[in-house]
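What follows is a set of structures to go through.
Okay, so subunit A shows up in both of these, paired with subunit B first and subunit C after.
== the complex of A and B ==
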């Protein structure tokens, strides 16, 4: 019997099985998911996907499809953009599946076992700030998912590369220590490149952290730094709004959000200068780590 | 997870005070509302009326008093979906 040769990526809070016969995609996957021992290929996966090339004779050029459990949930991408399709597609699938956790749309970092959560809407500069903090010495837990255990209140790492877009690629690319994958120009979200977290953070992908500080960041070009403390109730409401599955979880999500809001300091941070934002966050975190 | 039974028990479990404001989880739609202390008092009165099988009277009292504060009518009707107290849902 012929079997499909899946590769199992252990992200910490979840595992993804992926298969593809596209050599360039495999090489890119090797690069941005480096630093980790492969999990056993026959093990459990939360999400299972196949990236399959389309016909050579497609009118728009050769394309790639993402299949998951017999379904093709997205429109095809150009063949050379298999990696962005895999990253966005697997994020979407994870957001549908991981309902044992409260899933925030957030970057998460830690000093030791004390976590900083950065929930934000798309376009707020979350990924840029998350990567810059990581390069400044913070442990990287996630750029996309704040994975909160409703029972313990701890956050779990979900260690995928961060998808940097447009100007963020140059901003983060210019910082020492940055490791970026290839640039994919003119995707549906603009130019995209994937930031690779450090080997140490990958090794700690099963190490949970206790939330201490929640910052809702908002980058605005040229804006002076403005940090506004938030009440516990306002923090809870905003956490719910920045969650993938808050409403689906009902009372479980409600109590998880209320508990999280009660246990942290929280503020909204508008900034126009990345260095100033990092200095301010370090200042706010003094005493926790 | 054990879900509390009845409107008053729901209010107790799903309307916590956070720094003087209240979060309320709608038991029917599972959306969350930020409420003042005054709004919570109205919902507690509605919950009591539902459990004492006098919700219709309570609605009449609200009408007579000039109508519902903004947004609360839907929440009170959601509470009424939890039934009228300890006898409801008994098998």
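== the complex of A and C ==
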């Protein structure tokens, strides 16, 4: 009987096992998910996927399918876009399965063990700000999922690359120290490139942090910096709205959100200049770490 | 089927009833098989408080039981909302399947995912009930004239409705079998035997009819693909009702009355084989088996179609063949050939058109991972 060789990616709060015979995709994985040590012995994975090339004779050129548990839950991508399909598909599967945690749609960074959470709707500049803060010395915990343990109140790292889109590829690409994967032009979300977090952040992927500051960022071209403090109730409401599973967690979600809102300082931050936003965040964080 | 996969399936089916004591690698496989078949909620319910479960697995069981709890809240909430509209109805309204299990409480509903709410009302009241619900805010999915006619004239249910912003769909039935199919029968005896649920505006089918409906739904109202959870339902219902004196005899007699011996035979056959349902063997002998050809076809196809294949690989050819055969059987049972051929031709043409028009870049969900 055939067996499958999975590559186990330890992200911190979750593990993804992936297998593929597509050489270009394997090389991209090496680059994006490099410097991780050997797989843990028990071999458990939260998500297991295979990326398999589709039929050679497809009308629009060869495609790639993401297989999960013997099914293809998504439409195929063009063969050269296996990495965006893997990133998008595995995020979707993680969001279905990690309901042991409150999952915020948020970037998460830390100074030591003190966390900054940036919950935001798509298009508000969350990924750009997360990457820029990381390049300015903050520990990278996650760009997509704010993984909050309802029992401890701590936030867990989930170290996947940040998917930068369109203009933010140039903005972050021009900063010193940036490591970006290849650019995939014209995907469903426009041009996409993957930002690789630092080796030190990857090494700390099992180190949880205590939430201290929550900022709801909103980038607007040319806007002056405007920081508005939020009440606990307002913060709780917005955390719920920026969560993947607040509704399905029911009372567990309510208590997790209320506890988080009570334990942090929170504000809404509108900005047009990345540097000014970072300075302001550093200023707000003084006293925590 | 590979012996290892067979053993893992046995673990899965046992794990939906009682706690498992297995290692992390085995749990990894069992969890994946459970997700493929929608049994992860039941697995989580049966293993709650099982201290032998390794930590990363426990997180997935917690996750599954939270989603099952959410599903149960949505289901009971929808029934509540429906009750407020239908409370003063002068005719019986029967909750079927998931809704009935939730109303009756107990183990049947534990960890079971319901995808919709099914209500059975007398045929004469179907339209008025539908109009009443629309007036109260339920909205039907937009259908073209053909699909509308399909539901109205050939099916046993209305087009699905949904209250805007809520998760679960509502199907109104006036029968439990398609009116154009070979098993079609008048639903009046089902209403006559139905029983009220204390403290609820709804009634449920009699215990015998609940088992028969689960069998009909499984073997005559779907393509069987990965539907082993319906056999788990049948087994759980039987284990619950067999404690009542004389239940097996009444069940067999009722199947004869309603002309549902064949679906009951299949249900008992596979529940007995896969889950060791008590007394299934004895009842099978009393019902009498279907003809040799039907029986052989089903005994080869059902395991391939209903049980999950190895999660590491795309389904093998035998599985795909069995699923296609069962899909063909489903359509064949649903309507006579002169109706079926144009129906399928139309569906195929529409599907091909959609494939040609959809840009390759556009991903959309097409299944439940």
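Following the convention adopted for this analysis, the second predicted complex is superposed on the first by the 285 of 289 C-alpha atoms of A that agree within 3 Å, B and C clash if a C-alpha of one lies under 4 Å from a C-alpha of the other, contacts with A are read in each partner's own complex, and residues count from 1 in each chain.
Methods note: a residue touches a chain if its C-beta (ideal position, glycine included) is under 8 Å from a C-beta of that chain, and two chains touch if they have at least 3 such contacts.
Computed from a prediction, not measured in an experiment: that's the story for all the values here.
Visitor: What does the overlay on subunit A give for subunit B and subunit C, a clash or a fit?
Guide: fit
Visitor: Under the stated touch criterion, which partner chain does A:128 make contact with: subunit B (first), subunit C (second), both, or neither?
Guide: In the superposed model, A:128 contacts neither subunit B nor subunit C.
Visitor: Touch test for A:208: subunit B only (first), subunit C only (second), both, or neither?
Guide: neither
Visitor: Which partner, subunit B or subunit C, is in contact with more residues of subunit A?
Guide: So, of the two partners, C touches more residues of subunit A.
Visitor: Between subunit B (first) and subunit C (second), which, if any, makes contact with A:72: first, second, both or neither?
Guide: The answer is second: A:72 touches subunit C but not subunit B.
Visitor: Considering only touches as defined above, state whether A:262 meets subunit B (first), subunit C (second), both or neither.
Guide: Once the two structures are laid over each other on A, A:262 reaches subunit B alone.
Visitor: By the touch definition at the top of the document, which applies to A:252: first (subunit B), second (subunit C), both, or neither?
Guide: Both partners, subunit B and subunit C.
Visitor: Considering only the touch criterion stated at the top, classify A:178 as touching first (subunit B), second (subunit C), both, or neither.
Guide: After superposing on A, A:178 lies clear of both subunit B and subunit C.
Visitor: With the two structures laid over each other on chain A, which partner does A:63 touch: subunit B (first), subunit C (second), both, or neither?
Guide: Second partner only, subunit C.
Visitor: After the superposition, what is the least C-alpha distance between subunit B and subunit C in whole angstrom?
Guide: So the smallest C-alpha to C-alpha spacing between these two chains is 6 Å.
Visitor: Across the two complexes, what residues of subunit A are contacted by subunit B and by subunit C?
Guide: 247, 250, 252
Visitor: Considering the complex alone, what residue numbers of subunit A touch subunit C?
Guide: Spelled out, the residues of subunit A in touch with subunit C are 1-4, 15, 42-46, 48, 50, 52, 60-61, 63, 67-78, 85, 88, 92-93, 96-100, 186-188, 247-250, 252.
Visitor: In the complex formed with subunit A, which residues of subunit C make contact?
Guide: Residue positions touching the partner: 2, 4, 24-25, 27-28, 32-33, 35-36, 54, 56-57, 59-60, 62-64, 66-67, 69-70, 73, 308-315, 358, 360-369.
Visitor: Over in the complex, which subunit A residues touch subunit B? Could you list them?
Guide: 231-234, 236-237, 240, 246-247, 250-252, 254, 257-258, 261-262
Visitor: Which of the residues in subunit B come into contact with subunit A in the complex?
Guide: Residue positions touching the partner: 1, 3, 13-14, 16, 18-23, 25, 30-32, 34.
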